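Common to both upcoming complexes is chain A, partnered first by chain B, then by chain C.
Right after this comes the complex of A and B.
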């Protein structure tokens, strides 16, 4: 009791004001408690926050924001902290407003195919909670096991299936946000996203919390496709794999997902927790999924396999059951984290190029890898030309982080140059 | 307490005098300055992706990063980098971990979070020894009773006396128990009827029924043999019935898991050495307590800084197998008699996450005629027992138990599992929530089915 009083006396005025809003136990301020908040999934840059505040409802967000605004203390909204672009990374001295405790589903309206969730609601949990009724939430970033829907809105997250279904912004029907003034605003009333006037939902989705903190999200939920087929195609030459990607799209097929991994990436995922048993001497594989009405799905997958064969594929196979399909996807979705098995650190870049230029850009990335003497793995959404070069490095080796950073920038410049 | 520069210098000096050479180059790692340093390779595997977050029961409850696997790994690394000291604020998240290993299942890079937590706890306990009541309790129970078979048996005897003499009835009626903290009282309420330990009472070699297929060793454990000697008896019978001679070397003892979890690696190693020696003549050692099995399988991890013991420990760890997996892999005799019952199965953390055994125990149960299995949602989420976590962290353990009980399907009559800690904890849940399910060990059910077979044969 006395210890607690003494403890609170040593705190600065801001921390105490925040505690008055959210409660003593909902503010972290000790160095040891804060240090794990100095970065998110992107570990290249770090900064110590001044405090972390856990809010439980919209009113508290508004009060906290007003308090910090008045004191002119910068703040950052944070979800699960799985982002790979440093969206929740402090520069130093900010207050982090953590939304993970706002994690309820507020409303489910399957007739109108929508759900209202709080920002801390976990992406995958939404699909899990409605799958028995035959529905799902389409945006599926690889971190969906842990990332929050609020974070997805902030980053406009994509995912393996955005080739056919679009990214987060295509699935948001409405938002409640707290503006920097503390004012609470609703956008997209009655679940109708396209209101007269500016496309504010489009502006807010992907704004990384800089325009306001999202406190409620209305999302679309979709009916499960009637049928799904998933195939793996192994290639000896990465150019052939790239050409197959372009040819599949050119054949008029829009797969639900069309993913690619190169040799180093395969080494990583096969050394990690979900090995599939991919041949280790191939240059690349494509993971292809088609979905839709059952009639015609076999023809689609056949056509894709034919295209692969025309492009000198070594081997193609179709998942024989849901267990095999799940393993293939786990292997792919855990791909980034799996790099830990072959490298102490990695830096991921995110860039989009026209599909047809995949071979030349991949060749250029190989050159950059040689130039900086750092291995670069490629795991990416080939179908929409969205590259994710993963630059592998060891931060404990002096100078290697900087080299990785320069290599990463050069990869992106290369992509820009080709657009 | 902070570990300051001065103390580090003193430690270096002590190391130098003891080992006869400058130890500072190899013997410290940032602010880790004590014996048995943590393994930097383990945190090097973590890329901070966060896939572990939602798998972690303490993160699910608190939402706080430092109470997540990724956060804990980050803190442990931060001490090695000299960014933070070993102090109470560091100790809390490290000791609040259940060591349930759910994060290891979720981790894409196979980061050994459990091992890292145990190594860090070893450093913390050397830097900040437990004082006061906690210190005394830990010394008496962990160091005084568990490693010592005589005292352990005496405790069993006392408990038997407490139950049989009528004292338990009196204590419960008079409300004397109300002076105990509520979680201790809850535990007293479900104390199983204490039988006599198997070790010492049974011969050192229990022959197989019929032709001997193989000779296997069996760990009788400490808590298991005191609280659940009937499970040990059932395990021996089931193995015998399947043609295995069961070896119960007298020299064996407590596996040391509780000590290693508590940061007392020194006692853990002492106990490990005793077991390695006890089972040296066996090629296979079977365990029916998931927590112990996992600890035995990780003796190599315990001795990673001891080049002399390491090869022996590695060889030993290879011999260890959970009894349910062993039976399944060795084509166990399918019982013919039916046990008509609806059951559910709870995955003990150290079986599912620690040893990767999920399929086999379910299969053993489902192949008993008449058994209808109802799957338990989130079956591999910790029940809160976690060794002695339910005694050291009653509040968190209580929350996890409540969640477990809420998940247990309404219509089952039995809950089966493969770990004594979980059996006690879930039995407590059944009592607390006013439910009626019977808590059983997987091999017990198999044993009953075999008994029925035998009775039929006789008649």
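Right after this comes the complex of A and C.
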């Protein structure tokens, strides 16, 4: 007892105040404990947090926020830390408020197609917990096995299937948030749509926690489609693949997913944990999934194959079973991480262009790659025109990080000119 | 009175004295200013802001009876002549359009390229896209296609002080910054005047079908159970809209509750789903099926119900009101039933419909003003028991003062007011048109 008191006496006043709210074991303050919180999935920039506080309920979030607000100490909310845009990186000595312990599902109402979860609830777990009844949660970012719904709200996360089903903002019915004042506000109570007032749900979703900390989320859940078909189309020319993307949409088909990878990306995924056996000499492939009423699915996939053939596809394969389909998706979803197999470091960018401009923007990215002498892999949601150029570099080579950063900025600038 | 300094704002032919200032529906203006361009909108607002003149905004006028506690503003800014599609990018499934374009004009133009905008709101030949977005109007098909907030990807907006901003973009996903588009959708023009809209499109369905299921009196449980089983199936209905017997009678000649279930897909898939309906029908119900042109025609008739800003009767005893109810999906049935009972005790005629898969219902009532006021209060109390709400989307101006159009202020009202003041600190735009007198 005496020893413990002495230990706490060495701590600064803020840490002690935070401990008083959440408990001594729920605050990290030692340097060795803080190191793993110096960045999230975006590793280019790092900073040491002042402390990490693990909260267990909304009241604690409110109290912690009030305490920090009073002391004028900045804070950042953090979920699983899988974000790729640095949203949870403490560059200014912030206190991190970790929401991973608020991870319960509070309510499930399938008749009204909604679920209420705490922010630390893991994305994939939601689908897993309702799949036996034939339901799922649509937004499926590649990190869905680990990322939290609260983090998804903060980042307005998308995923491979948002082409047909929309991004997080299209699936949020209600939020409980803690404002910087500590006030607890409920918006979209009970998940009833169109409630009178400005659409604060829409404003908050994607605001990276800068307007408040989400402590409860009401989401829509959807019924699984009756049937799904997944195809892989291999192209010798990346322009042909890009054209096929536009032509599929123009043919009046909205696939559930329409993903693309280029040669360097394929080299990466084939060297990583889930190789599919993609031919190594192709320029790119499209991963196409359609879903819906079973009797209409074969016609849809036929039409897509026709479009691919018109665009000089080398080979098309349709997944023969769920196991093959899952492998293809694992290969795609682990795509970013797979870059680790062919490069010590990578920087990922996220930008959206009109999908009809894919060929010209991809050509420009190739030029940027040459200009900075860095390999750039492209893995992206082609159907949405949502590009993810991955700039491969080696941080241990002097100057290469800076070059990667400049190349990344130039890629984004190129995109901004197009939207 | 014409402000002497207005000539410098817009050309003479675009400025008129309003001879209809005491409009039954209010939301009028002393002086009508017609904008032909975004620059015109900006000029009018710059002038108004500088001189602290209030501005009401109008296009098609179908929502004139929706909100607004002051009868007339200094200026009635009309966007009816600021119309046309600016860009239709077929391969991107996006369109950029001016606010005064009617939904019908958009539909006709896009159909030439096999696409459509998935908003199925009433009076499409009169209602403009700017008004539909500003009022966040929607129809039964939002069940599958979503509402304005799911479709709008970019806006140009003229702020109260005349500054023009751009939110979102022409790409189908927005990945940077606050999603400002959402704020202007359903804001009733209180945060800015929308001067351009970029919206996601869909390919026209290859085939469409409509199942109408007629339920005899006392079938509430059947309606509920059937709807639940359909929603729990793998079918993909575009609508699951319940029509009150009076509305059903108007549209089909049969006085009974009707479930209108639409399917839009490939022909095979539509037929398969209609087959599912036939095979899963509850006992002793009627089932009518329509396809293609016949189904389209039925929906066209459906969109011609309720008040449209021009079809009110002069006779006060035939006052017309329209209500939007939001609730949990499955409470729609209870709400429609409650409304029917209340209409009977209040001597009102009522037509109504609501989506069992999306939770939005629409009620149209006609009768004496005091009965209407009492009806709204009672229905509101009833829906609020289950966290629902009632908003009056059409009501004569005089009644809007006695009935709170938007219901009680939400607990987070201060946040809403903060947003308003950040955008329009002098409160010149559509003053008192929105929640809590914003």
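Descriptive notes on the structure:
Quick note on the criterion: the second predicted complex is superposed on the first by the 415 of 419 C-alpha atoms of A that agree within 3 Å, B and C clash if a C-alpha of one lies under 4 Å from a C-alpha of the other, contacts with A are read in each partner's own complex, and residues count from 1 in each chain.
Definition applied: a contact is a pair of C-beta atoms (placed from the backbone, for glycine too) under 8 Å apart; a residue touches a chain by one contact, two chains touch by 3 or more.
Predicted model, so just to flag it, every value in this text is computed and none were measured.
Bringing the complexes onto one copy of chain A puts chain B beside chain C with no clash. Of the two partner chains, neither chain B nor chain C is touched by A:367. Look at A:310: by the touch rule set out above, it reaches neither chain B nor chain C. Residue contacts after overlaying the shared chain place A:250 against chain C, while chain B stays out of touching range. One of chain B and chain C touches more residues of chain A, and that partner is C. Of the two partner chains placed by the overlay, only chain C lies in contact with A:199; chain B stays clear of it. Contact with chain B, but none with chain C, is seen for A:345 once the two complexes are overlaid on the shared chain. Think of it this way: put the two complexes on top of each other by chain A, and the tightest Cα contact between chain B and chain C is 19 Å.
Across the interface of their complex, chain A is touched by residues 44-55, 63-66, 68, 70-71, 74-75, 78, 83-84, 87, 89-90, 93, 106-111 of chain B. Against chain C, the residues of chain A that register as touching in their complex are 109-113, 134, 156, 158, 162, 166-167, 169-170, 185-187, 189-203, 205-207, 223-226, 246, 249-254, 292-296, 299-300, 350-356, 384-386, 419. Contacts from chain A toward chain B in the complex involve residues 28, 30-33, 35-37, 39-41, 43, 52, 54, 80-82, 98, 100-101, 103, 120, 122, 143, 145-147, 272-274, 334-341, 343-346, 394.
Listing the residues of chain C that touch chain A in their complex gives 89-94, 114, 136, 138, 146-147, 149-150, 169-175, 178-183, 185-187, 191, 202-204, 206, 228, 231-236, 265-266, 268-269, 272-273, 324, 326-330, 357-360, 387-389, 391, 406-407, 410-413, 415-416, 419-420, 435.
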